[in-house]
Structures are given as C-alpha cells and as structure tokens.
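The following blocks contain the structures, represented as structure tokens.
Shared between the two complexes below is chain A, which has chain B as its partner in the first and chain C in the second.
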Partner chain A sequence: MKILLQQLVIGISIGSIYALIASGYALVYSLLDFSNWAHGEVCMLGAYCCFMAVKVAQFPFWLSCVLGVGGAVAVSLFNERFTYRRIRSNGSPNMFLMIAAMGLSTTYQNLATVIWGGKFKQMPKVFSKSSLNVGGVFIGTTDLLCLALTVIVLVILLLIINKTRFGLHVRAVACAGRTAGILGVRIDRVIALVFMLAGALAGLAGILYGMKYNVYPTMGNVGLKAFIASVIGGLGSVPGAIVGAVLLGLIETVASGYISSGLRDLISFSLLILILLVRPAGLMGVDVQDKA
Partner chain B sequence: MLNAFQEGVVVVVCVNLIAVLGMSVLTGFTRLFSFGNAGFMSIGAYTAAICSVQLRLPFPLAVLCGAAMAGFIAFLLGSLTIRLRGDYFLISCLGFGECVRVLFNYTKGLTGGANGYSGIPYRTTAAVAFFCAVLAFVIAWNFIHSKYGQSLSAIRENEVAAAANGIDVVRCKKMSFVFSAIYAGWAGGLYAHYLRHITPALFNLGKSSELIITTVLGGLGSLTGSVLGTLVVQLLPEFFRGLAEYRMLFYGIAVVLVILVRPAGLYGYREFSITGAVRFVRRLGKGDGQDG
Partner chain C sequence: MKKRFVLLLAALCLLLTFGSALALDSDNPVLLGYVGALSGDTALWGQAGLNGMLLTAKQINEAGGILGREVKVIGLDGKGVSDDSVAAYKKLVEEYGVCAVVGTNFSSCNIPIASVADELKVPVIATAASNELVTVDADGNLHPYSFRLCFIDSYMGYLAGSYAYTELGLRKAALITDITDSYSTSVGHYMVETFTGLGGELVASEEAQNGDNDFRAQLTKISAAQPDVLFVPWNYENVALIAQQSREVGIECILFGADGWDTTELIELSNGALEGSYYVSRPGFNLPEAAAYFDVYAVEYPNASKETECLYGNDGVQWIKTAIEAAGTDDPAAIRDQLEATESFDGLLGHMSIDPANHNPSRDAAIFRVDAEEVSYVGIYEP
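What follows is the complex of A and B.
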C-alpha cells in the first residue's frame, strides 16, 4: 500500500511536468489546429539556457531560471514569427505547419548536439536530495517542489484564459478566427502572445525536468509524452491536457513499478489507443471536424 | 559494375523509395498521416528475416511474407482506428509504431531483443532493389489511376461530397492504409536482406517522420514527386559525409526552408495533371536510359 502511494506521488509529479508542456500544446492547437512538434525542443532549449546561466555565467539560481524561461519564450516567439506566420500567410494547408515544426525540432535537437555535445549535463543541486517522510511514504523535495510550482502556474494559466480580456481574445480566436478578426481582435498579436505563454510554460517544464533528471539534447522527446497527454485529454482543451498529463504520469509509474519498466511505453501507448477507441476525441474534447 | 559504396546507395535509395511511395499513396491521396510506417517496416523486416533464417524460405517468398504480414496487421489496426480524425489517427499510428519497437525489444527469444537479429543472408543487390522499386512505382501508378485511386483523390478533396457520391470512404481509406503498410513491409524485408543485421532501433519514430517529410517535400499527391523527394533526401546527405556532425542540422534547416520557400513541395501537388506528369516521367525515363 505504501509502495502504491509512493508510486502515485511520483506519478503525479511527473504528470505535472507533462501537464506544463501539454497545456502549451493545447493552447497552440486550439488556435491554429496543428500539433507543434517543436514544443519539446523549446523546453530543451529553456533548460540549456538555465544551465548555461547558472554554470557558465555563474548567475544566482533564481535569475538563471528567469533567463531559462526567457530563452524558451524567445525561441517560441522566433518559431512563430519566422516560420509559422509565414506559412499561414502563404495560404498553405495546415499540415505544412506540422511538417515545418518537425523540421524545426530536428534542427534544434542537432543544434544543441553541435553546441553542447551529446553528454548529459547536471543541473546544480539547489534543493537538498532529502525526502519528507509522511506516514512512511517518502516524497522527494524536488518532486514536491515540481508539484507545487506546477499547480500554482496552471491555476494562474486557467485564470488568465477564463477571466482576463486577453483570455477572452484567445477563446474568441480559437472559436472562430476570422470572425474574431473582423470584430477587432488582433489575431496575429494574440497568436504571438499565446506562443510566448506556451514557451514560458515549456521553459519552466524544461528546467524542472532538468532538475529531476538531466539536461541533454534529446530531452525534447518529453514533448512527445506531452503531445500524447494532450491527445488523451482532447486536443485543444487546456483542462483536458492537464487531466491527460496526470493520467499518463500515473499510468507510466504504476506500469513500470508493478509490471515492467521495459514494457512501460508499450502499456501507455496501448492504453492511449484504447482510450481513443472509446472516446475518439479524447476525454474532454469536443467532436472535431476534419482537421487535416 | 558498382562498387560496394555505390551499391549501398542504390539499395538504400530504392528501399526508401518503396516505403515513401506507400506513404505517398496514403498521405498524398487521402490526407491521412501515419507515423507508424516505420513500425510496419519493422514488422516486414523481422517477418522476412525470420522466414528466411528459421523457416529457410527462398528470398522472394520471405519478402512476400513480410509484406503480407505488415498488410495483415495494418488491416487489423485500420479496422479499429481508421475512423479517427486528423491528429487522433496520427497519434494512434505513432503509438502503434512505438508499441512494435518496444515489443521487438522485449521478445528476446524470437527477435533477439535490442541486440538485434543477425545472420540474415545477403540477397538485396542493387539490381534486385532497383527492379523492386520500378515494380513498386508501376503498381502504385496503376493503383492511383484506377477507380480506387480516383475515389481516394475525391476523398482528399472533400470527404462529405465523396461519401454523398457513393464512395465507401472508410473502405477506401482502409485500403490505402493497408496498401501503404504492404509497401512499408516490402521495403523492410528488402532492407533486412541488405543489412543482414537488424535492430528495433532502426525503425524508430525518426524513421517514420523521415518518410513523412520525404513525402511532403516531394509534393503531396504526386508519385513522381515522391521519387524526386526520396532522391533529394537520401542523396544529399551523401555529399555531406565529411560534415557528419552537421548533417542532421542541415537536414532540419533544409526541411524548414523548403516548406517556407516552396510550400507546395519540390514537385508541386497542384500540378499533378496526367499530361504534365507523363511528360515528367518521359524526361525521367530518358535520364534513366543514359544511366543504365
């Protein structure tokens, strides 16, 4: 029982990192109807920015985190301004956005390998590796910090989307882009801001992931997990993405704890297909028209 | 006639061409994205390898078994997932491909696990590969210009209208899915008999996205474009062998640039008029005549 509880805590903490990335996916998807495959790499570059700031420039850790998030925001905005916006204005079909994102993803991954090498880099141990003992269940401080930070950030995100004027604009563009434009919403500006928001979330996720594990060029593959999470939750739905992410984290840890860590991905992917068969538009998604 | 290096290049180009042609029929003509075709390649490769090593079947029969197995699995998977829309279908294929990879890693007794399956006889010479590629192109060309191919184009342009005109949309989509899987399995079987040692990691997500990128770069809905795309994607890196470290970086940048500059792919997908394509094939035919 205690082992199960411990697995659940670890699962939720991993799921919370997935949730940060997945909600960025969902935001972009809700506006532009495409899967931003380069999102995981934004996360990776954010982690590297933070790592460089703290290790090479010797900045204090909080400043490095801000710089890491800032770097991720800049990369995300760069992608939007110089790639996605141009493709949108070309009048190309939507799928080209996805292909371009795949190209960007390859580019960034190999750029990181060329600059920093393929080796694993360790983030500084800012927080003690100690764990809290809650009734026999050990909870790592990093896990707890991840969870707390993520919950705060995601609550703020949901408030921004549901309560502010900017959030209203985002929902309007997601609902009917052209109509929103006619009614005076500056669509390109909203999209750019959403990309910056998604970048900030990804940067934070990258730093947390780097602290939990390591920083390495292919760590952007965690973006794939987040993509799966947002599909489980229903594409384009931020609350769905969060639910899907926590669910995926739980399934992964329980599967690797109780069955086999080698079969972890097999089980989570099979469950993914099963969920889609039962609910073809994800857990919280509305039935979408053909997006392709 | 050819040295080992040239022979290798010819085989790799031809094998990839077969897989890309399958992809082109699926993605170019029905707008379904499959991120699982590396999984079908893997199934084809392992089935063919096991058939020729353990069952001692002759080479053509072994490759045929591989292709048939891939097609059969695609039929089963397609029966379940083909009704999913857009990115949901994409992610279910992606999950399937990863499942296959993890499963082959896990079944050590049958497939040798992560160390791979070795001792496959060398059968795929340049001549065999070239013959297969030409055959694959002719079959795909006839398929696309048959009644079924026309139905597929109709589905791509407007699914609802196609259904209203009496086209069985689900059946046609499933058929093109099975078609692409058979091609992938065929390519996989040939590849196994060229490499003589295959590992599950050869057929990862990167391979699937390479197939998709090649198809899109060549131009969707154009088989001749797929040939051109394969030549570019497979041959260009050979010229940059010396810059091994930067190879994938340039590849990523090139993908983004092509999408930005030539949004319709190298051989535009709008001008797939038969006369133009025939003229293109004739030009290609003359080029081939000089080489052979």
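What follows is the complex of A and C.
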C-alpha cells in the first residue's frame, strides 16, 4: 500500500509539470487550431534564462525565476510576432504554422547546444532537505513547491479565462474568430497576449522542471508528453489539459513501477491512439470537428 | 687540416640532425581519424578524446613525426549514436583516406562500426567501449579490424560485484539498468552474476531507459527491498539524477557504478547524493605520467575539464604510432597486424597487452570512492 501511495505521489508530481506545459498548448490550440511544437523549447529557454541569471549574473533566485519567466514570454511573443502572424497574414493553411513550429523547435534546440553546450546544468537547491517522510511515504520538497505553484497558477489561469474581459475575448476568438473581429475584438492583440500567457506558463514549467531534473538543450522534449496530455484531456480545453496531464503522470508512474519502464511510452501512446479513435474530443474537449 | 675536417664533420652532423627534424614530410601525412560525440549530452568525452589526439599528434610532429611524416588528425562527430558514428567512420575511410581510426567511447556505436571496419579493412580502436561484441560477433568470431583500449564489461562487472561482496561486506544488492544501452545491461548483468555467485542476494532489479528523468517509480520498489548496495551502471548525467532521487525516496545504501561515472562533472551534478559510493574504472590521472600530460593539456585547452577520455586519445595515437613504426608503413592491414601482435604497450592509462584471440587488452583496474567534494582513488584492485 505504501508503495502504491508513493507511486501516486510521484505521478501527481510529474503530472503537475505536464499540466503547466499542456495548458500552454491548449491555449494556443484553442485560438489557432494548430499544435505549437516549439512550446517545449520555450520551456527550455525559460529555464536557461533563469540558470544564467542565478549562476552567471548571481542574481537572487526569486529574481532569476522572474527573469526566466520573462525570457520565455519574450521568446513566445517573438515566435508569434515574427513567424506565426506572418504565416497567418499570408493566408497560408494551418499546416504551415505547425511546420514553422517544428522548425523553431529544432532551431532553438541547436542554438542552446551551441551557446551552452550539451552538458547538464544544475539549478541551485532551494531546500536543504530533499524530501519529507509522511508515514513512510516520501514527498519531495521540490515536488511540493511545484505542486503548490502549479495549483495556484492554474487557478489564476482559469479565473483569467472565465472571469475577465480578456478571458471573454479569448473565448470569443476561440469560438468564432472572424465574428469576434467584426464585433470589435482585436484578434492579433488577443493572440499575442495568449502567446505571452502560454510563454509564462512554459517558463515557469521549464524552471520547475530544471529544478527537478537539471537544465539541458533537449529538455523541451517533455513538450511531447504534455501534448499527449492535452489530447487526452481534449485539445483546446485548459481544464482538460490539466486533467489529462495528471492522468498521464499517474499512468506513466504506475506503468513504470508495476509493469515495465520499457512499456511506459507504449502505454502512453496507445492511450493517445485509443482516445483519438474512441473519443476524439478527449475527456473534456469541445468542437473537435473544428480543431483538426 | 685535421681540425678543419673535424669541424666540418661536426657541422655536417648538426645539419643532418636538425635537417631531419625540419624536413617533416607534410605532403604525404599519416592521416588518423577520430569518431566521438562532439555535440550533445556526452560531448565533453568526445571533445576530450579529440583534444587528446590533437595534442599528442602535435607532440609527435615536433619530435619528427611518424617515419618522418607529419601526423594529421581528422575528427568527425558521431553524436554518441550508432548511425552517425558509422557514417563518420565510413567518411573518414572513404573520403579522407585515414589509415586508422580511434573512437568511439560507446559500445552501442562500436558494435555496428566493427562490421563496417571488417569490410573497409581499416582498423578502429574503441576507447571506453567495453561490451564484448565490440571486437567479436555474437558467435564469438573475431572482428579482425576492431580493437579497444579499455577492459571489457564482464571484467568491470566482475570487479564491482567482487569488491562490493568481499571488500565492503555487502550481502543484499539491487540493480537498475538502462534497457536501451548495451553497456548498462551488460555491466549490470556481470555485477549481479558475480555478486550472487559469491553468495550475495539480488533483492530488486529494475529497468529504465535513456531519456528518462524520473526514476522514482522504480526506485520506490528498490527502496522497499532494502538493499545494502544499488548497482547503477549508467552514464554520469543519469547517475546524478538516480542518486538524488534514491535519497529522496529513502534509499540510504551505497551506490556502485562503473566507468560511466568517471568524470569531474559527477560531484557537482550529484549534489552530495553519491557520498560514500564507489565505482570501478582505469587508474587515469592517478598515474604520474598522466598527471604530467594533463598539465600540458590544460595549457593547450584551458577551458577543458579533466576527462580520462583525453588519455584514451593519447594512447590511441601512440599505439598506432608504435604499430606503424614496427610495420614500417601506414598500410591499414599492416597496422592491424601490429596492433594484434601487441605484447606490451605502455600508455598514459598504464601497461597493456592484447589477446590476439579476441583483441581485448589486459590492463589494471582501479576502485574510486565518491566523497563530498571529490572523488578519491582507493587503489588498484586485483581480486
């Protein structure tokens, strides 16, 4: 029983990072109907910005985290402003956006390798004690921090989407972009702000991921897992992405612990295919026919 | 008259001496290749191997070259993956016309290279690629053009298992292996085989794969089995994560590894989680000749870290030099014959001889202990 509880704690901890990244995927998908494959690399660049600030510039860790998130926001906005917006304004199909995102992903990964090398970089330790023993179940202190921050940030995100004027504009553009534009919503501005929001989530996820597993150029590959989580939850649905992420974290951990680590990805991707076949809208997705 | 003749003779001797040194044949150089990970997660090893070769080639050229010919080293990036490494080897042979190749340090790369080397008939000398199949095929048939400088997986596994049981007195072992890496599975197998063969018990065996970052699902099960020692035959970046996460889920036992731990990065990345752990590797910088070499290396490459792979690079070049000089030619087949016939070669990694039946070297192995701030050399271990 203790082992199962321990596995559940680990699964939720992994799922919380997936949730932050998956929410960014969901936000962008809901507006533009394309999978932003460069999102994982935005996480990676956010983590490097934080690392450089704390280790090279010797800034305090909290300030470095702010700069890391800021760096990710800047990269995400740069992608939208100078790549995606131009493709949209050319009237190109959505497939071009996805291809451009793949190109950006590879470019950023190679750029990071050239600038920082392939070696792992370690973030500073925030806590002196690595875990707490709660009745024989060990809970990582960094995991607790990640979970608390993830919950706070995702609640704020859901409030922004559901309770603010900006959130109303986002939902309007997601449902019927052209109509929203005719009714006075500044679509490009909304999209740019959504990319900034997604960049902030990615930056925070990158920093937390770096604190747990080090910082390295290919760390953005975790974005693929977050994308699967986003599909499981329902593409374009932020609450769905969160549910899908936690579910995926739990499935992966239990599969690794009780079945085989070698079969873990097979199980994850089989689940992805099953969801696409049986319930294409995902667990909480809507209007999937419009979001190919 | 006699005095004038002696002076003339002395001048002639001086001219011949310096003349031969100056007349290094650059038009017809001896071309040596290097394949290693020059980019990616393990580039610090690949770059160190290439740097070692370049430095040694420079030193050889300053001393008159090989057979009076300049030595040139061409390094290509194998990225630490098999297809890129095979492509790099082929390019070195077919496009650049090298007479011998040094590298890689990964068994997963050298196993496929070995078959290609047999076809192209240009010797390849693996550095730290320790799987048995680097020099022989699955049926035990020799790859005639494939050699190595390191000892093999079974020997490393044997030493680790034996040291943990007999010297440290540990009785219950657990194992975590990378199922995608033949080095990890092979060394792990021999660690456990030796340990249980001596009377120890394997209480948990878990698998993970390269690219994983979270090993806690497997480590939780290992923690429940309460081992005395956890064998971790992985490369250093994953070792650091496994070590930290082991402590996080309550594993307090000794961790034991192999030469994949052998880097100066280990201490910084592991954040103290490896304190009191051990690994088996070659003596490396503990030998005075190797330490002196690194002093020169550090001047040549001031930003490079202290990686044993640079010593492998040196020994690879020196071993090929010895073979070419013995053969009197840089013909690849003649070099191969001389490498195979090596009965005694002294490099910076110590003394070695080659078994012509399987091309495996016989050499010293050392045990290292990881402390809080540094890795300490325990000594040569001969069970």
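Just so we're on the same page, the second predicted complex is superposed on the first by the 287 of 292 C-alpha atoms of A that agree within 3 Å, B and C clash if a C-alpha of one lies under 4 Å from a C-alpha of the other, contacts with A are read in each partner's own complex, and residues count from 1 in each chain.
Simple rule for what comes next: a contact is a pair of C-beta atoms (placed from the backbone, for glycine too) under 8 Å apart; a residue touches a chain by one contact, two chains touch by 3 or more.
The model shown is predicted, which means the values in this text are computed figures rather than measured ones.
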Item to check | Three-chain arrangement built on chain A, chain B and chain C clash or fit | outcome: fit
Checklist entry - Touching A:35 in the superposition: chain B (first), chain C (second), both, neither? => result first
Checklist entry - Between chain B (first) and chain C (second), which, if any, makes contact with A:183: first, second, both or neither? => result neither
Item to check | Which superposed partner A:132 touches (first chain B, second chain C, both, neither) | outcome: neither
Checklist entry - Does chain B (first) or chain C (second) touch A:218, or do both, or does neither? => result second
Checklist entry - Touching A:6 in the superposition: chain B (first), chain C (second), both, neither? => result second
Next on the checklist: In the overlaid three-chain picture, which partner chain does A:160 touch, first (chain B) or second (chain C), both, or neither?
Outcome noted: neither
Next on the checklist: By the touch definition at the top of the document, which applies to A:119: first (chain B), second (chain C), both, or neither?
Outcome noted: second
Next on the checklist: Contacts for A:57 in the overlay, against chain B (first) and chain C (second): which applies, first, second, both or neither?
Outcome noted: neither
Checklist entry - Of the partners chain B and chain C, which touch A:262 in the superposed model: first, second, both, neither? => result both
Checklist entry - Who wins on chain A residues touched, chain B or chain C? => result B
Checklist entry - With the two structures placed on a shared chain A, what shortest C-alpha distance in Å links chain B and chain C? => result 5
Item to check | Where chain A meets both chain C and chain B, residue numbers | outcome: 113, 260, 262
Item to check | chain A residues touching chain B - in the complex, by the definition given at the top | outcome: 29, 35, 83, 86-87, 90, 92, 95-96, 98-100, 102-111, 113-114, 224, 227-228, 231, 235, 260, 262-263, 265-266, 269-270, 272-273, 276-277, 280-282, 288-292
Next on the checklist: Give the list of chain C residues in touch with chain A in this complex.
Outcome noted: 39-44, 179, 206-209, 211-214, 216-218, 220-221, 224, 237, 240-241, 244, 247-250, 265, 268-269, 271, 273
Checklist entry - Touching chain A in the complex: which residues of chain B? => result 31-33, 80-81, 83-88, 90-92, 95-96, 98-99, 102-103, 105-106, 159, 205, 209, 212-213, 216, 245-246, 248-249, 251-256, 259-260, 263-264
Checklist outcome for this item: As the complex stands, chain A meets chain C at residues 2-3, 6-7, 10, 14, 113, 117-120, 122, 125, 130-131, 133, 138, 140, 212-214, 216, 218, 221-222, 252-254, 256-257, 260-262
